[in-house]
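See the structures that follow.
What follows is a pair of complexes built around subunit A, which joins subunit B in one and subunit C in the other.
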Partner chain A sequence: MRVVEVILASLVIVFALAFANILAIAPTSPKYEVTELEKMGYNVLYDLDKQGLLAKFVYNKNWSDLQAALRVLLPLEVYFNLTVYYSNGTTVNEVPIFYGSIETFSTSKNVASVAYGLCGYSTMDKAVYDPRTLVLQLARG
Partner chain B sequence: MVNAVYDHIIAIVVICVMFVGAVVVLPTLSVANIKAVDQQQLRNIALNLFNTMLLDTGEPINWGSIDPFNISMITRFGLASARDSTLYLLDPNKVQRLIKGNPLGELPYNAVKELLGLQGYEFTFKITPPFNVTNLDGTKIDSMHPPITLIGSTLRYAVKVSYLDGRPIPNALVEATVYYTTKDAFFILRSSASTDSLGRCIQNVTLNNQSNDIRSIIVIFRVTVANVATMVVTYTSSLVRIADINLVGETIILTRTKDTPSDNVWIVNATYITGNGDLKYLFNASAKNDKRYQLNTGAKRMWNGTYIGLSYYDPVCFVLNFWAVDSNGKGRSEIVIAGPFQNTMGYAVFDYGNSLLGYGSVRFQRSVIISGMTYIAELWLWKESP
Partner chain C sequence: MRKLISNKRGQFVIIAVLMIAVMIISIGVLMHRAVTYYRHEPWEEYLALIGNIELNSKCLVELSLANYSLSLAKNGNCTPDTLKINLEKWRVDVSKIYPGRGVSINYELANRSYNVYGVDIKYLFGLNCSWYKPKSFSVANATFALNMTSIGLFGYKFGHVAFLNLTIISVRGSRINVTVKAENKTPISGLRKENFQVSQVSSNTTLQIVSVKSFYDDREMLVYVIECSQSVSVPINVKVCDFRGIQVIAKYP
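Take a look at the complex of A and B:
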């Protein structure tokens, strides 16, 4: 009888240790990873905008150049998916602007999303108000 | 009696197993947690450090362009430009102070660590172009492996443009500005072409002179991928570095090198290429022996000239044409020299800090703008080993 008690007691302790071991797994800090990707995405869009390239690509619908610019400026292991919207919410880019595997965005635990606004563009003699919203999704491949 | 003995034996075995299990599991538990917290703390420190480096101007705000340079005057470290409030815009004068061997004074790694309060940590800071420009075989472009060959009057250049992972970039625009001199004349030619589907650009440029008349050649490549550009300065291995060209604020300062001739040297003209690829003349001497442009070859600082407003044009590369005796024994002739950014802003990776990455290092990357051109800034941080 005491053997059974000892076995039961030891099982309880073994389970407790196993549970403690589960607790020992390092936290994955998804919030931190997403914040870092958001900062990176905003940094790249901001840099392109400051150089006057972002508006040029978006209003000329030069999606291949926009994709290439994002690709050279973001780290190799970071996948991106960019969608450009009109102010009424319809999509501007008829072709997807992405790098990496598109499934990554549905399977990855840490997907960051950055929204960036462009208010318009200027020509030789006038400034045109024509807002666009860019939504850049980022995930590590 | 026998039952009691068995009970005790089993109890001892179980207690032993539990003890061994506890000895193995419990330290793992605490070490794993400590490591996770440690890593998180390291990431926080690295992020704060990177923000300080890229977003702070430092104190004094123009510390990079103070001449003569004195480390003790810097009370806070930061590389951001004070001229513009744009984020991630770096001051080229401050970036230059991180270059090892800067003739006008460098900021040593240990001094930066002290200014940043980084005792107990090590870091590596890199600034690299956003894509690779190499020789066709993938080798790095340097003075021993220039991508240019001169046969007769035909200058051939061949470069390969690829992403950082090595995949070729088709349709990259390669603009070449060729500077060359003969005994008595100086020429500039410009040509442009795009890379093919394998990322290669091979082009022939016909010069006005034959190779045996040509004394010096410099080719500056400006390669553009989707309007994001990088610059590569290349020259033939026989080129003699008469002077080091330094730009501090609005002042060009020429310093002595080991190849500086002891005879009289004059500057005949000076040109520069801006961040957006424009070619501009800085000055033209009235004669080859114009006294205003004569170098004091006996001094470390041989010449300086201040051009107010120059920095607003974002000069990336200067080319100065000298009237000097070269060491090849061909007598006095015109010789071109490029600077100051070819070691840092062009192809070469700018690397600062401890190059041996430590265990458990964390990495951050941002794109930055220097002199109107985009670069990738990278920071690695780790704890010093005890």
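Take a look at the complex of A and C:
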């Protein structure tokens, strides 16, 4: 009889733990994964833009520095693939700006895509409205 | 212990202990959930998006003023509605950059007299360049209203005044003391000799700048000393171009 009671009590504990585990939603939950990555992507691009670095890298076609900046700002396990477009839709960057495995973006279930716009860039002898669209894809490796 | 287990009351104690254990574990789990609770706020990703549009709209006001002042300094004439043309293009392009977000941006240009930082400015299409005076400035002023139907955002207003002021304080020998201020009368630091140009009005010749140094002043905060290669005879024109590409030409006296 006592053995049955102990077994029943143990089952109650196991069920309680299992139920709590189902309810608890960790930050890396697949449910919010894409939204999390989107938020991360927007924030990273916005931070770079606010510091005046994003426009400088994009309009001077300094892709290696842009890639390095993104690698520093994004967590290590987050892979990215950035493409820069002219306003007519043609690609600006002749070399791919990415980190991680490109295959991850085609195989991963949770890939976030973020679009970010830049209006132009002015220097001491040139100031022209010339918009660029940045499309940043993010996935967890 | 064996006595307690074999006792009928002892069985009750065991069950009670197990029940208490279940309660403690449940409370522990609840506490853990409360600490690691992940609060999903769906508007958070839109904040950076709104910030992006706001930042680039402000950047466009500065860029348009840079374009306007550059043309004016180079050719002596320019398109007065540069800002309006650029903002109209931006209005169309913003909705293309963010498809499906329902983004639309409206703008209003300052088109009458305003008092900005203690100076009366009469705008035309949101722009004004008051040059060839000891206190000269370039200014642009626009107000925006942003709508984003995907999140139910309507009429989010923000404005921007791009401003650059150049004041020639004194000219002594080969030295010219000037101040360069941006919005809110904030001194611009880090300007080098490449940012300045000095020319003599009488002979229309450009003087060579040897060095540009700066010192902190109680009244003006930051004063630049432009050292020319030869003695300067007035009247002179001093041109400055800041890091945003905005230009101003001041004349002394």
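Heads up, the rule we're going with is that the second predicted complex is superposed on the first by the 107 of 141 C-alpha atoms of A that agree within 3 Å, B and C clash if a C-alpha of one lies under 4 Å from a C-alpha of the other, contacts with A are read in each partner's own complex, and residues count from 1 in each chain.
As a working rule, a contact is a pair of C-beta atoms (placed from the backbone, for glycine too) under 8 Å apart; a residue touches a chain by one contact, two chains touch by 3 or more.
Please read all numbers here as calculations on a predicted model, not as lab measurements.
*Asks:* In the superposed arrangement, does A:2 touch subunit B (first), subunit C (second), both or neither?
*Replies:* In the superposed model, A:2 contacts both subunit B and subunit C.
*Asks:* Kindly classify A:124 by the partners it touches after superposition: subunit B alone (first), subunit C alone (second), both, or neither?
*Replies:* second
*Asks:* Of the two partner chains, subunit B (first) and subunit C (second), which one does A:109 touch, if any: first, second, both, or neither?
*Replies:* So A:109 meets neither subunit B nor subunit C here.
*Asks:* Regarding the shared-chain residue A:65, is it in contact with subunit B (first), subunit C (second), both, or neither?
*Replies:* In the superposition, A:65 touches subunit B alone.
*Asks:* Report for A:50: first if it touches subunit B alone, second if subunit C alone, otherwise both or neither.
*Replies:* In the superposition, A:50 touches subunit B and subunit C alike.
*Asks:* Looking at the overlay, what does A:76 touch: subunit B (first), subunit C (second), both, or neither?
*Replies:* First partner only.
*Asks:* Examine A:12 and indicate which partner it touches, taking first as subunit B and second as subunit C; both and neither are also allowed.
*Replies:* It touches subunit C, and subunit B stays clear.
*Asks:* Residues on subunit A in contact with subunit B in one complex and with subunit C in the other?
*Replies:* 2, 6, 13, 17, 20, 23-27, 29, 32, 43, 46, 50
*Asks:* Could you please specify the touching residues of subunit C with respect to subunit A in the complex?
*Replies:* Residues 5, 11, 14-15, 18-19, 21-22, 25-26, 29-30, 32-33, 36, 38, 40, 42, 44-45, 48-49, 51-53, 55-57, 59-60, 62-64, 66-67, 70, 86, 89-90, 93-94, 96-98, 194-195, 241, 244-245 of subunit C touch subunit A in their complex.
*Asks:* Can you tell me which positions in subunit A touch subunit B when the two form their complex?
*Replies:* 2-3, 6-7, 10, 13-14, 17, 20-21, 23-27, 29, 32, 36, 40, 43-44, 46-47, 50-51, 53, 56-57, 64-69, 71-73, 75-76
*Asks:* So in the complex, the part of subunit B that touches subunit A is made up of which residues?
*Replies:* 6-7, 10-11, 14, 17-18, 21-22, 25-26, 28-30, 32-33, 35-36, 39-40, 43, 47, 86-89, 130-131, 163-165, 169, 225-228, 364-369, 372, 374, 376
*Asks:* Please name which positions on subunit A make contact with subunit C in the complex.
*Replies:* Its residues touching subunit C are 1-2, 5-6, 9, 12-13, 16-17, 20, 23-27, 29, 32, 35, 38-39, 42-43, 45-46, 49-50, 55, 87, 115-129, 131, 133.
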